[in-house]
Amino acid sequence: MSIATLFTALMTTGGLIFFIAGSVGMLRFPDQHSRLHAMTKADNLGLGMIVLGAMAQAGGPLVVFKLALIWILAVAASAVTAQTIARATLPGQADPEA
Amino acid sequence: MTGLDTATLFAWCGAGLIGIGLYGFLANRHMLRRLVAFNVVGSGIFLVFGASGARRADLGPDPVPQALIITGIVVALATTALLVALVIRYADLAGRATLPEDEPGDDGKE
Amino acid sequence: MNQALPLIILATALVPSLITFFLAEDRVWVRNALNLGGAVLKLALVVFMLAEVGRGQVYQTEFELVPGLSLVLRIDALSLLFVTLSTVLWLLTTVYAIAYLHGGKNLPRFFGFFSLCVFATTGIAFSGSLITFFLFYELLTLATWPLVVHKGDAASIRAGRTYLGYTLTGSAILLVGIVWLESLTGPVAFAAPPQLAGLDAWSLRAIFLLLIAGLGVKAALVGLHVWLPQAMVAPAPVSALLHAVAVVKAGAFGIVRVVYDIYGIALVQEIDMGLPLAAIASATILFGSIRALTQHGLKPLLAYSTVSQVSYIVLGAALFSQTAVVGGLVHLVHQGLMKITLFFCAGVFDERAGVHDIDEIDGIGARLPWTSVAFTLGALGMIGLPPIAGFASKWYLGTGGLEAGQPWVVAVLAVSTLLNGAYFLPVLYRIWFREPGPNAAAAETEGPAMLLAPPIATAALALAAGLFAAAALSPLGWATLIVERQYAP
Amino acid sequence: MILPALAPALSVAVPLAAAFLAVVAPRPRLLVGVTVPAMLAVMALAVLGVRQGGPLVLAVGGWEPPLGIALVADGLSTAFLVATALTIGTVLVVALPQFPIRQNETRAGWAFWPLAFLLWAALNAVFLSGDLFNIYVAIEFVTLATLALVALEGKAKQVEAAMRYAMFALFGSLAYLLGVALLYAAHGTLDIGLLAQLPAQDTASLVAAGLITAGLAAKTALFPFHAWLPPAHAGAPAPASAMLSALVPKASFYVLLRFWFDAMPEAAGAIALQLLGALGATAIVYGSILAVRQNRLKQLVAYSTVAQIGYLFLVFPLAGGSAEPQPWTAGAWTGSVFHAVSHAFAKAAMFLAVGHAVLAAGHDRMSAMDGLTRRMPMTAFALGVSAVTLMGLPPSGGFTAKFLLLTAAFASGQVLWAAIIVLGGVLAAAYLFRPLARAFLPDRGRYGTVPRAQQALPLALAMLSVVLGIVSAAPYDFLQTGRPAAAEEGLE
Amino acid sequence: MTGAIFDIVLCLLILAVALAAILGRDLFGSVVFFIVYGLLVALAWTRLGAVDVALAEAAIGAGLTGVLLVGAVARLRRGGVVEPTPPRPLARGAQMGICVLAAGLVGAAIAGLDPDAAGLTATVAQNLEASGVGNPVTAVLLNFRGYDTLLETVVLLVVLIGVWSLAEDRYWGGRPGLRQHAKPGGVLATYGRFLPPLGLLAGVYVVWAGTDQPGGAFQGGTILAAVWLLVAMAGLVDAPPVTARRLRLTIVAGPALFLAVAVAGIFMGGFLHLPPEHAKQLIQTIEAGLALSIAATLALLVAGPPQRGAR
């Protein structure tokens, strides 16, 4: 059990816990906005930890860079989607967005 | 296909998908659902085809089925795109997304 | 040369037909010239061939369509008998039709199908194999249907539908019979009849039944005759040519081919199908005459008389004696001549004096003398009074019946002669001995020469065929030549 | 002579190029004027090549099967290619006035031309392909082009017919695809020639054969799967329905012929063959009965297609199931190909003629036929001649086909099929003479007419099917090139 | 060993998600489950070692088909189309029976297959050198079975013409799809500016890398189509009118180029023959042309037929 695999195991379990938290949050929370909140925050953090764990196993710097790129893109995408859905479901404000 | 190596497993999974998809294709009345079922059956067939190409793990997956499956996926997409456009157009014209003979209750046959 | 002759004769009928279809309605002169020219040319060629075939020369051409299906054209004595009759009468009927339909509508279509129908009839006569016979037999149905529905009113469309119903079903049955026979014996040619002796009797009987039923529709055997009276709604030249010459005779001709050129009369008797065929023919003869009695329309009366007269030919073919066959074959020509005269006259009565029913015909003799004379000659010939042609064929049929040991045939002939008299004589009486009714249209003149010449010509021919029966080139002479050369047992 | 060897390639490349041009620079008169003669030249080249040198086999890209795809142009495929070229060529010329490109381009006016050329290329691709997966892509290509043509009018009825057709077609292509996948998994090759040499009795091949047959039967609208054909073919515009009804079901039937007679000749069990024959027979009777009850012209002609397709499937019980040829198998096989080709000409001619009658009358009820012989004699004559072929009466190609099938039925002792064939002819007469009889009725002078030049085209196409009936010796021998064992005549 | 467990779990998950997609009561839910199903199948393909197919399945099977279906569901919901009642239980039982039978048949066929058949792997490997490309799948796709791919690209063209011909006559000449508009400064607009450069880079890379590594015209083309759609959704760009000559040129360019190279091959030895020495360059030009046309066609398929005037 070299340091790297131990580090990966730790980080992935941590990430897993955040994922479970996020999913439970999404199912349990009463209204749209809080569910969105739980979803984006917890899952992105979980993903970040798993990516860090994977980086430890990565071969060369190129793979590390690709993993980081994946994480950044995932965060950006979920941020934008959360914003658009939130705006679309704001009470009373009819957003003409198709 | 002895034992449960990856190829056999996924081939059986493909067969299962074909069964599920076919049920969806026959049982559902809504056109979009039948389209989803069509895509499920399609990917099931491709899974069977691809898995049958990967029986020799030592040689790696057989490239010919892979190429054919990519062609198949694009053709399936093309069919789905045309069907989606047809369903939308029919919904605009006739206000429903099912064929008349499938409509329970009112007599489909004019 | 002898390869191409049959094709040339066929072309003389086909080419005018195809050209006429695409002629405009008002090109009357070109159309008439084309049709009459074709008819005359054909007559010339037929006369030339009469001499040739008389000397024993045989013309044959064959080309293979598909393995197992080849078109064989063969001119033997029997086919010449039928072709001579149809060519002569086609010429006369074209003359008659030009006069009769003068000023009518859809004439290019009419004359196109008219000569196509003669092309089919010539094809039937020339066919050297069973399948070629079937090809032209079918073409005849297709060519005659538009003529039956020519007027385009509801009655003729309904008549057309019955006509098709019967003829197409008949030809379907015929096709099954032909293919079944050919699957047992290979392609059937009239020149070399297939050896049927080896095959089992039951399938032979079944095939025989199928063939006769298929041909019986056009030969208007009893039960299959319903289309004929209904087809009388067609214009007079159509009923004249079709129901005196082309359609009905094709059926009878086919039955003669089947009985003599395929099975052979001996085999027909052996599988004892000869007697039932003779029985059906006799039943039709009597049935036709009885129904004719009850008709009050002139053309339906002639139609039912045709039904009964055609079965004389079938009766002749069914009896196991040479003379009976000669009687049957010669009646094919005689009945053609006499019946066409009657139809022509009926057409003139209708056209010039508006006479449709028998009770309107009183005193027509005074107003239309020439036509009435021709009608009388035809009617007396039908009854079988010598010296008109009808008598000769009935005489031969009677003696043939005795020869074949079937005395009841004479009884049938006698009864039918009485019945013929019973429905023709009252008409003749009304024509000559009754004063014209109050509203009888007084025709100013009897009509254009082109309308009167054909009935008079055919009446004269009928009389000549009777008078000069003994001559070699007379129908009777030719019929005996056929029987001696081809069917001597 | 290397030129004929190019014929297979050109017969797909030329219509594709024409289609691309039709998309970018829509000038139909020029395109049709160039493409149709060019394609007829290519067809002549193909016929010449096959007649002299036997089947033309072209390994695309130089790669021999099993790796590459082989384009095979033998007697059968060239016959279908020529039939397609003549039919679509005539249809395109007839469609010129109906889909004009004026200064402001219309939807259907633009869309019809690329779709027609693409359908032509797709059909040629199916007829030439010797590789099962390539056939899948080509058949999908045909189906999608047909779907677009069926829905071209854009009204609810047409879109509904297109969707119903899509359901059957999708099921068909999935079944076919699964069959091809299993065959590749079992034998490692997709080429028809190579498959023929392999023993095909293992479960995978039999399951594959069943799936492929079911799939293609659905696409050919064989009896249980026929519900989509009449509304689809009646709804499409007349030139389109002429192409659809005459050629599209023939493409999937052609593949069935290739599969059962070239790829796996022994695999067919007797029951499967009799089942296909029975379904064909039911199609004949059922299609005809429904056709008699139709009172709309295009529906009637569409139901007649359902019936006529039944004839094609009689080839399986008559000639299928055994590699070594009995004397009658060649006759039955050629008979069904004759029927397919003469039906293509006659059905296309009939749909075009009906199209003209409907154009002149403004509606497609039976009364549109009134007085046709006076108003439009050539159209009436074209309808008459094509009806003669559909009824299988002499002198048409339909009769030669019926005769060959009948001889084979009697020679092989299966008399039931003979009765069905003859009954089909009489039923066809029943539903075809109804509209034809109305052509003789006097019209009350309220319908217009179509210029004579256009009327001549359907007539020419109908006469083609008659010519096939008269000059049938040459096509018969031509069809035998490339057959594994050309048995002698069908009778002895 | 862990691989086998992962595979089993993956298969069960795929089957479960597929069932959810088919039997789901709510239509939108089914479509979302279908997208998830697509991604899982892509994962299955990676497990089978077929990376090209995984890429295609994810991009086209799950991605584009998903977008099409989601768009359709939204469009139907706006049109007020109601869900029909489920079919009668008797029919359901019969259909279930048929499906179990079908799956069983396929299973029997699979069981009957010879476990160590190698298919054409060896043959492809031998000829790989002559095909001019490193990636065997691209070699098969664009050289050995290039004819399939040619037909396939034309199939895309047919479908686009079909979709366009479903427009209403009065809208012909207009721009495809609906006018997308987002607040200029809004989140979507900025995202629409931030992502495209990266997307274009990734797409072009995938197309370029296709010759020697997994990738190729179809997968790259789909990525480029997705980028265009995103930019359009962000309201920054609008589709040109349907009758625009340059739009039609782009959608025809790919197949036309492929056909031209194929016909040119006739003079160099045979239809679609790519001479080994410059096969690589030829394949790359074909892939570039195809990628362009495929991107345009797929994007326009998602946009749909013209539904508005040309202003």
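Odds and ends about this structure:
Letters A, B, C, D and E mark the chains as written, and numbering starts fresh at 1 in each.
The working rule: contacts are C-beta pairs under 8 Å (C-beta built on N, C-alpha and C of every residue); 3 or more make two chains touch, one makes a residue touch a chain.
Note that the coordinates shown come from a computational prediction; the quantities given were computed from them, not determined experimentally.
Traced through touching neighbours, the fewest hops from subunit B to subunit C number 2. Touching subunit A and subunit E together: no chain.
Pairwise, the chains sharing the most contacting C-beta pairs are B-E. On a Cα centroid basis, the chain most remote from subunit D in this structure is A.
Chain centres here are C-alpha means, and the one lying farthest from subunit C is A. The geometric centre of subunit C is 42 Å away from that of subunit D, both derived from CA atoms. The distance from the centre of subunit B to the centre of subunit E, with each centre set as the mean of the Cα atoms, comes to 14 Å.
As a whole-number value, the distance joining the C-alpha centres of subunit A and subunit B reads 31 Å.
Centre-to-centre, using mean CA coordinates, subunit B is 28 Å away from subunit D. Subunit D has residues 67, 133, 137, 140, 144, 147-148, 151, 154, 159, 178, 182, 184-185 in contact with two or more other chains.
For subunit B, the set of residues touching two or more other chains reads 18, 46, 48, 52-53, 64-65, 68, 71, 75, 78-79, 82, 86-87, 89. The multi-chain contact residues of subunit E, meaning those touching 2 or more other chains, are 106, 110-111, 113, 117-120, 124, 144-145, 148, 152, 155, 158-159, 162, 166. A list of each chain pair in contact follows: A-E, B-D, B-E, C-D, D-E.
By the touch rule above, subunit D contacts subunit B in their complex via residues 67, 133, 136-137, 140, 144, 147-148, 151, 154-156, 159-160, 162-164, 166-167, 170-171, 173-174, 177-178, 181-182, 184-185. The part of subunit E that touches subunit B in the complex is made up of residues 3-4, 7-8, 11, 14-15, 18-19, 21-23, 27, 30-31, 34, 37-38, 41, 44-45, 47-50, 52-53, 56-57, 60-61, 64-65, 68-69, 71-73, 75-76, 79-87, 91-92, 95-96, 98-100, 102-103, 106-107, 110-111, 113, 115-122, 124, 136-137, 139-141, 144-145, 148-149, 152, 155-156, 158-159, 162-163, 166, 216, 218, 298, 301-302, 304-305.
Considering their complex, residues 331, 334, 371, 373-374, 377, 381, 388, 391, 393-395, 399-400, 403-404, 406-407, 409-411, 415, 418-419, 422-423, 425-426, 429, 433, 437-438, 440-442, 469-470, 472-473, 476, 488-492 of subunit D touch subunit C. Interface residues of subunit E facing subunit D in the complex, by the touch rule stated above, are 105-106, 108-114, 117-120, 123-124, 127, 143-148, 151-152, 154-155, 157-159, 161-162, 164-169, 172-173, 243, 245, 248-249, 251-252, 255-256, 259, 262-263, 265-266, 269-274. Residues of subunit A that touch subunit E in their complex: 73, 76, 79-80, 83-84, 87, 96-98.
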